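Next come two complexes built around subunit A: one with subunit B, the other with subunit C.
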Partner chain A sequence: MAHFGRRIMQLFSLALVALVSVATALSTSGSKLLVVLDPSIKKQDYSIFFDDLKGRDFDLDFRAANDPNLSLVSFGERAYDQVILTLPPTQKALGPNLLAKPLLEFMTSGGNILVLLNPTGHALGSVREFARELGIHLPFRDTKLVDHFHYDAATSPELHDTVILDPATDLVAVPHLEVDSTKKILYSGSGFALDNNHLLFPILRASDTAYVYDPAEELLESDAPFVSGTQAYVVAGIQARNNARAVIIASSSMLSDEAFNAADSANRELAAGITKWTFQETGVIKLKSVAHKLANTVEENPQIYRVKQDIIYEAEISEWIDDKWVPFVADDVQLEFTMLDPYYRLNLTAVGVSGDSEVYATTFKAPDQHGVFTFNLNYKRTGLSYIDDKRTVTLRHFGHNEFLRSFEIPNAYPYITSLVVVVVAWMLFIVLWVFSGPEKAPEKKTQ
Partner chain B sequence: MLLRNVLVASLAACVSSPLVSAWTFSNATLAINERSGTLETHQFSASVPLADIVSLPSSALARLRFTVRSDLTPDTSNKPHQAYAIIEDPVTKIESSFTADVRENGRARVDIDYKTIPTALLGPNKPLTVKIVLASFGTEAPLKVEIGQILPVYNGPSPAGPIRFGPKPEIIHIFRPDPKFVSSAISLFFSAIVVTTAVALIGSWLHLGAAPSQLPKALASSPFGHLGFFASIIAIEVAFFNYYLGSTIFKLIAQISALAPIAFLSGSRALREVRSRRLKGE
Partner chain C sequence: MPPKRTTTRQAAAKVAAASSSVSPAAQSPAVSSSSNPPSSAIPAVPTAADTSAIVHQAWKSYVADTPTKLKLVDTFMVFLVAVGLVQFVYCILVGNYPFNAFLSGFSITVGQFVLAASLRIQANPNNSSQFEKVTPERAFADFIFGSLVLHFFAYNFIN
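Entry: the complex of A and B
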């Protein structure tokens, strides 16, 4: 009976594993997606956006912010892998579960967050605080981004608040988003300012003539814009040091069916690109293995090397494309060999493909300084997941029997010669001393 | 909010005229002002930019004055919503905007104070492009025109750029120099001198008449003593030579402890024989 029970359990767990592997087909970080949808936002206005997400195997859970059962955490674990947060148009609290601290803790535990600000530019205190922690400074409520040079004449002939952004010039994160540069991006809402922070991932900015103004304060002239020109951003993200990602879109209207269906609109491709990056479907790389060894040997990852030995270092890196790991190709992977300071910083060269990863390798001569050294592979690039791998080894000095022998050093020849000459001459002297004597008996003495 | 939009729209509507009109400016000057007074003044217009790069000392400000007008509209509306002077680094494309103070009659003034230029735009010999942007709601054509370049005078080292991810310069460890060796020829020359000295010494012995003349007699009287003595001395030298070549100290101790008694016993016999000869006066 017990045996039968075990079999059942095995079958069950197999089925579970199969289910999980199907469910996490596209995102590397999981498919459980919470959508905090404000009642003021009609789901059908964003049907294409949500259907696209469902089509990418996300498991959408729509909740209102005031849902009493809503929690990002259950039993100390993340309850969701991804969160989309929409905001109400007017002052309203989002509840204790969506304050800045729980949102940041959710990111700390590896979850990804996409925040869609309301087109009115209204951001609640909690979201404002969350954004400020990320280094994104949200605009004041009711402010508008306008551009008198690039606006949609059909929808805003007078107010110029539906601006047209050009993917060719305004899209910053080009390598990670596939957007047709002949199309246009429609945008209406406000714009925000960014910190000077290298963890930030700016995605879309305003054109150089755009500016944010507050209709209440600056009705007649823009005398103190909140942010202007290419310093104004409308989509920006951040990748935390644990690779969790958060993206803030300054206006949810950008993702509406209306914007998607507009003629020549690139919004849908852009939305797909942004959500793919946010939810760890693109820009995801991983270090598959690391090996270091002495040149011309087979033993991998020894604990100790000697100074001036030739060391081979190899790292295998894969990238997640669509639904599988493929070799990751780059020409700027670097290895540092450090003891407090880097003694070496070497560009690794791609030497070939091993299974689903690219092999990067280099060979170098260990420095003539003994101590504890670290192989430090620190590959951090904006938009890509971070790789930081440290391997510590000991570098010993020469052993007493590993130096040059005296007969290999020309300077020592006279000394060696002297030694040999003394030995030979001494032997000869002994022979002469022992066996020498007068040719004849010294009879003359008696005279 | 709606009311505000309607307000802006009506304002824009009254600004715009049925004819196609455009924002422009005239009577434009760029003055470099210091506390002590105006250093220099340059004229420019929307179609004729500044001829030369104007340098801006660190204690000065660049003051742009111009008269805004909208073609074909009454003077009372000569106030665009956006009247900016934009300075841009032509290399990095980083820019910063300064808002113009426009009066009802269209007279406008922008001060680009050296102290308010963001540090990202400052650097040694880094001219900045100055643009004027005039635009407003409605249908009037906006204006963006480049009016020339200013060069904020910057003395000192290049400011450090912001921290960004990216490859860093390569570092290759520089080894300490290897010990230098004298050439073999010189070394062999001195070795030859040593050998010559030894040869001269041995030659002088032979010249003085030293010869192993008593060898047959000595061997006959004490064969074990002499043969054993010399053989053990040579064997000890060979043992030391092996140690020099790489044998271990333990082998050497074993060999020497075997050879030493032989050398001692045979040596004492050999020397006893030598003494007997010496006593006989041979």
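Entry: the complex of A and C
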């Protein structure tokens, strides 16, 4: 009886823990999630990971890689919103629907991809090609990330290939991903190198005493590692210009139940953070509306302005938090007023909240140059969705009756007085000429 | 035997005798060979006293000899020059914004000056031989018409 009661308590506490750590975030890009499960990965070994995903309202669809009905595209549109791709431990092919090109087209149509490399380090040619398109250089097969100073003595006392990563120093995606920094992250697998692509979003890297090498070559050391130190990354992502996201995790064992349940492990929290970023649940901002108008008028978004007019520009930006849009507050939103080159680059100040978005506004004087100008709101920050909004307007020059009159310019007063004085003197001259008598004949001098 | 030379010399002697009988003071310096040098010698370099004497002489003859109507035109022209000069100096000192206003104010004085000058030329009775088709009255009418056109331009250009 007591044994039974203890069992109940264990199940209850597990359920409670599971419920508490399940987030309430929902995805902005859709809930159809495809999981391509390699036979080497057993679903029950990753039950916590998949249950967490189900708890966030994703519809999981488990398929094998060689499923003939598997297709990312159906009737010209993408069939799924998110994809988790797990890879086999050998160089087996994934099937024609999961080559690099279909994956890239899936991203182009707005889908998000999470790739879990096999812990053995094998990666197919098509996946290597896909990763290279993103700017990620996958390691050679059978390589391992090794750290002789931070390793888990219980699981790998000799090879030191179960590495302990410290969230305080190795998690570089803060503040978009945050993890309790007193815990540690267990990792066993390989590591990859990154390009210097601006669109990359590095998440988790190795500590500076780690390196990636092939253990079969030499034991415990190598003088030509694939990548070493803080240049070795184990989790990295990219956000494409259409805001589709792809993340590569260099070993699927990081998400296993074993890793989640280890003592003091932050893997579960980290996995939630990674999947939330990948599947567009966090770090998503949206430009709700843009309005520009002439100061002191009512008409919004006119097509034509005039040089040197006062123009008011307002933009509304929202952020997706948990399950709704809230105002997004930042102090570095800028507006460019551009014709080939930016004539102005102005800071937008947050002036208030309108509905579920924050209003950013500025007022400026149109430059003294006519032409076709663009209001360009270009807000690209690492980890957040990109905002790139362009509105084109015409700036015409002064109409013939819009110039300042002379009497409104104090500098012109002498010239106006000269006009008046000359005309008055002229009239006086006319009068005197007409009324002066006939000419007297010049007198001759006589002696 | 050149008879002309003798004739010339005799004629010259007659002229000398005749001129000396009329005014003994005024001698033609070309004929007299045995004469004393004139009492007032022409100086080599004009001094300041000579310049002021010339100016004074010119002014006196101007005041005395010029008809009243022409003096009226001259006064008007001097006045226009002064007004134009004031505007020009102002433009140099303060800057030429707005430039169209400067051009308008300056050109009304310049244009009026030119019209007044042409009126003076045409209305001067001493020049009537050169202007057979244009009477002074016609010149005055032309002056008025030209001035009105000039004023119209200046008032439009200053905006």
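Rule of thumb we're sticking to: the second predicted complex is superposed on the first by the 385 of 447 C-alpha atoms of A that agree within 3 Å, B and C clash if a C-alpha of one lies under 4 Å from a C-alpha of the other, contacts with A are read in each partner's own complex, and residues count from 1 in each chain.
One rule holds in what follows: a contact is a pair of C-beta atoms (placed from the backbone, for glycine too) under 8 Å apart; a residue touches a chain by one contact, two chains touch by 3 or more.
In this text the structure is predicted, and so the values were computed from the model without any measurement.
Peer 1: Applying the touch criterion given at the start, work out whether A:Ala295 contacts subunit B, subunit C, both or neither, answering first, second, both or neither.
Peer 2: Neither partner.
Peer 1: Which of the two partners, first being subunit B and second being subunit C, lies in contact with A:Pro414: first, second, both, or neither?
Peer 2: Touch partners of A:Pro414: subunit B and subunit C.
Peer 1: With the two structures laid over each other on chain A, which partner does A:Phe403 touch: subunit B (first), subunit C (second), both, or neither?
Peer 2: second
Peer 1: Going by the contact rule set out at the top, does A:Ile321 touch subunit B (first), subunit C (second), both, or neither?
Peer 2: After superposing on A, A:Ile321 lies clear of both subunit B and subunit C.
Peer 1: Is A:Val372 touching anything from subunit B or subunit C once the two structures are fitted on A? First, second, both or neither.
Peer 2: A:Val372 contacts neither subunit B nor subunit C.
Peer 1: Quick one: name whichever of subunit B and subunit C touches more residues of subunit A.
Peer 2: Between subunit B and subunit C, B touches the greater number of residues in subunit A.
Peer 1: Which partner does A:Ser436 reach: the first (subunit B), the second (subunit C), both, or neither?
Peer 2: Once the two structures are laid over each other on A, A:Ser436 reaches both partners.
Peer 1: Between subunit B (first) and subunit C (second), which does A:Ala425 come into contact with in this model arrangement: first, second, both, or neither?
Peer 2: It touches subunit B and subunit C both.
Peer 1: Could you list which residues of subunit A make contact with subunit B in one structure and with subunit C in the other?
Peer 2: The answer is residues 409, 411-412, 414, 416, 418, 421, 423, 425, 429-430, 432, 436-437, 439, 442 of subunit A.
Peer 1: In the complex formed with subunit B, which residues of subunit A make contact?
Peer 2: Per the touch definition, subunit A meets subunit B at residues 120, 142, 146, 148-149, 157-160, 196, 198, 208-209, 211, 213, 215-216, 218-225, 228-231, 308, 332, 334, 336-337, 342-347, 364-365, 367-368, 380-382, 409-414, 416-418, 421, 423-425, 427-432, 434-439, 441-442, 445.
Peer 1: Show me the residue ranges of subunit C that touch subunit A in the complex, using the header's touch definition.
Peer 2: 65, 67-69, 72-73, 76, 79-80, 83-84, 86-87, 90, 94-95, 97-98, 100-102, 104-106, 108-109, 112, 116, 125, 140, 144, 147, 151, 154-155, 158-159
Peer 1: So in the complex, which bits of subunit B are touching subunit A?
Peer 2: 1, 4-5, 7-9, 11-13, 16, 79-84, 86, 88, 93-97, 99, 101-102, 133, 135-139, 142, 144, 162-173, 175-176, 181-184, 186-188, 190-191, 193-195, 197-198, 201-202, 205, 210-215, 218, 226, 230, 233-234, 237, 270, 274, 277, 281-282
Peer 1: Within the complex, which stretch of subunit A touches subunit C?
Peer 2: 403-406, 409, 411-412, 414-416, 418-419, 421-423, 425-426, 429-430, 432-433, 436-437, 439-440, 442
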